[in-house]
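Chains here go by letter, A, B and C, matching the order in which they are written, and residues are numbered from 1 within each.
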Amino acid sequence: MSSLRQILFLLGKDLRIELRKKESLISMAFFGALILVILNIAAGIGKQVDADTGAGILWVAIIFSAVLGLGRVFAREKENGCVAALLISPISPGEIFIAKALVNFSLMLLSQLVLVPVFYVLFGSHFNADPLALVPILLLLNLGFSTTGTLVSAISAGTRRNEVLLPILLFPLILPLTALAVKATAGALATRPFSERLEQLEPMLAFCLIFSAAGYLLFPFAIRED
Amino acid sequence: MMTKLAPSPFLSIRGLRKSYGSLEALRGINLDLAPGEFLCLFGPNGAGKSTLLKIIATLLRPSSGKIRILDDDLENNPQEYRARLGMVSHQSFVYQDLTLLENLEFYAALYGVKDPRQRSLELLEQVNLADHYEMLAGNLSRGMQQRLTIARALLNDPELLLLDEPYTGLDEHAARVLRGQLQWLHDQQRTIIMVTHNLRRGMEAATRMGILVRGKLVYLQQKENIDPASFEELYFQKLEAV
Amino acid sequence: MTPLNRATFLPALATLLVPLAIGMIFFYAPLEKSMGIIQKIFYFHLSLAGAAFLSFFIACVSGIMYLLKRQRIWDARLAASIEIGVVLTTLVLISGSLWGRPIWNTWWTWDPRLTTSLILWFIFASGLILRSAIDEESKRATFCAVMAIIGFVDVPIVFLSARLWRSIHPTVIRSAGIGLESSMLVTLVVSMVAMLVFCAALFHLRCIQHQQESTVRDLQQQLQL
């Protein structure tokens, strides 16, 4: 029995529930857009933000909205004790980790399909950067955020204060990744050459690889009861 | 439907211990089950019944001791071991936002069942839920949900079925249905371990009784050797003796 | 050495070493020319930082050991080292700030090392919050072990990225001593040793406390049964 197929079943199950209820996606996109507006007010209405500030605003909105979706992924499994059902099935905890990270990755990507255009509408009239230049940055951050986030949300969902603990535990860990993403985005918005951005993209990739490996190894401990 | 009878015990547990710090939840459990046996474990709260069941279900790790199902060792062969298990707990293990069929199909696929849809429909038929296959599991009544839970546990045609307080939260009618299903499972020669503190319910279904007090199996006896009328008396004697 | 002996020996040694280090800092080490008296903070600051980093390393090792062995003693060590690490990092940040004010003319600068310390503080302080949020003992230990390991894995990345993301900022005066006078070096070594002994004593006492705490809880539960 191939583990790839089991991962896909688990992923498919989660995406099906999500597409049916749309609870995570709608709240993620809505909350993200709300933050964009709030930060617009904070930056001063009617003022044009420069590339550095703009990049920061975009990522604050994305990170905060992504945490909403992340919290739901395990909360749903805990509802009827389904985690236990998964743990006693032949699927291994590592496979559950991969599937859940992929779910988070997809949710983030889908919500960004809304958030990035909204960002361009609200702030981007004077950024003549190609939105496609953001794609590698988005993908890398999503990957790092989903793997780290899957591990941390398994932990926070095991406590009685899931919603509060998740961002408290997660944000310090992904701070370096976010900071690099902000810098790379600023470079992209200011249409600096791609080669300059490699200086951030390479450590971002390293972060993703390290945390994927660490998450895969530590996840079995985070999801089991003892 | 079942694998043929094995000469060696079907499930064997040796020297099983589980401790949390200096507290011992299980203090050396030894247990052999023949294929087709239906063991019912009684015990007061905190006796370690659920812990024992969770360890057998691979949800908890034992501090020491060995568990085997036929040749599949829990440590060396966890995947094979788990493929032989089914579990019904007081939690339903189903996703509220999926239909009955989707729920079963998902789990069947996870277990690598050959034709997940066919198998799921078959089981829905068996638990009398076939008419409702397109309903969301969240909209089921408690009794129907319990039937779905049982169907779910049977998807992989488990050789060992673990039942953790299955009567919790069931009304008389649903409990009767569950009772019928347990009888049916037993007739199919499945090995069953049930944990409950409901003496009457346990007595009517099982073939073997065990009493667990403070992490020790203080009593283990075939039902034909037990006088049902005095069992309750015996139970309380055992509790007080420890 | 029996535990009781060690429990008294380390604090006793610390009470000798710490005043000695303070004495040396103020009366033995010469006054630095450009920075003056404020440079004395450096001896504390560096010792604190070294001990803090060591604590997080010990936390990570204890976390790994707990996950492998599942013994209470490793959880006690994990908890003690995180607690001490957080306290030390707090002191590092404060002493760094006190030093930075007259030298760089600001309380805070996003220097890579300061930034790293701050993020480390957040990571491990969040571990303490996690600890307080779980009652169940084995679950708390496992979760904290996982967070300590992943937090420590983050350290090099934090440092690397802190250097990358603020590449345009005033060059910080090199703190570590290339060309430290030998008397300054001796003072530094003595203060570091004093700090380490002091922290070891603290660590040891805290471990004992944690273990006693769980023993008391066990007894309580046994009484309730």
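Here is the rule we go by: a contact is a pair of C-beta atoms (placed from the backbone, for glycine too) under 8 Å apart; a residue touches a chain by one contact, two chains touch by 3 or more.
This structure is a prediction, so every number in the text was calculated from the model and none was measured.
Most remote chain with respect to subunit A, judged by CA-atom centres, is B. In terms of C-beta pairs in contact, A-B outnumbers the other of A-B and B-C. Chain A has the Cα centre that lies closest to the mean of all protein Cα atoms in view.
Between the Cα centres of subunit A and subunit C there is a gap of 31 Å. Spacing of subunit A relative to subunit B, judged by their CA centroids, is 39 angstrom. Inter-chain centre distance (subunit B to subunit C, centres taken as mean C-alpha positions): 49 Å. Residues of subunit B in contact with at least two other chains: none.
Residues of subunit A in contact with at least two other chains: 224-226.
Touching of two or more other chains is recorded for residues 138 of subunit C. Every residue of subunit C that touches subunit B in the complex is listed here, in rising order: 70, 72, 137-138, 214-215, 217-218, 221-222, 225.
Residues of subunit B that touch subunit A in their complex: 54, 57-61, 79-80, 82-83, 85, 87, 89, 91-98, 102, 106-107, 109-112, 152.
Considering their complex, residues 20-23, 46, 63, 214 of subunit B touch subunit C. Against subunit B, the residues of subunit A that register as touching in their complex are 1, 5-6, 9-10, 13, 16-17, 20-21, 76, 79-82, 84-92, 224-226.
Of all residues in subunit A, only 148, 151, 155, 158-161, 165, 168-169, 171-173, 175-177, 179-180, 182-183, 199-200, 203, 206-207, 210-211, 214-215, 218, 221-222, 224-226 touch subunit C in the complex they form.
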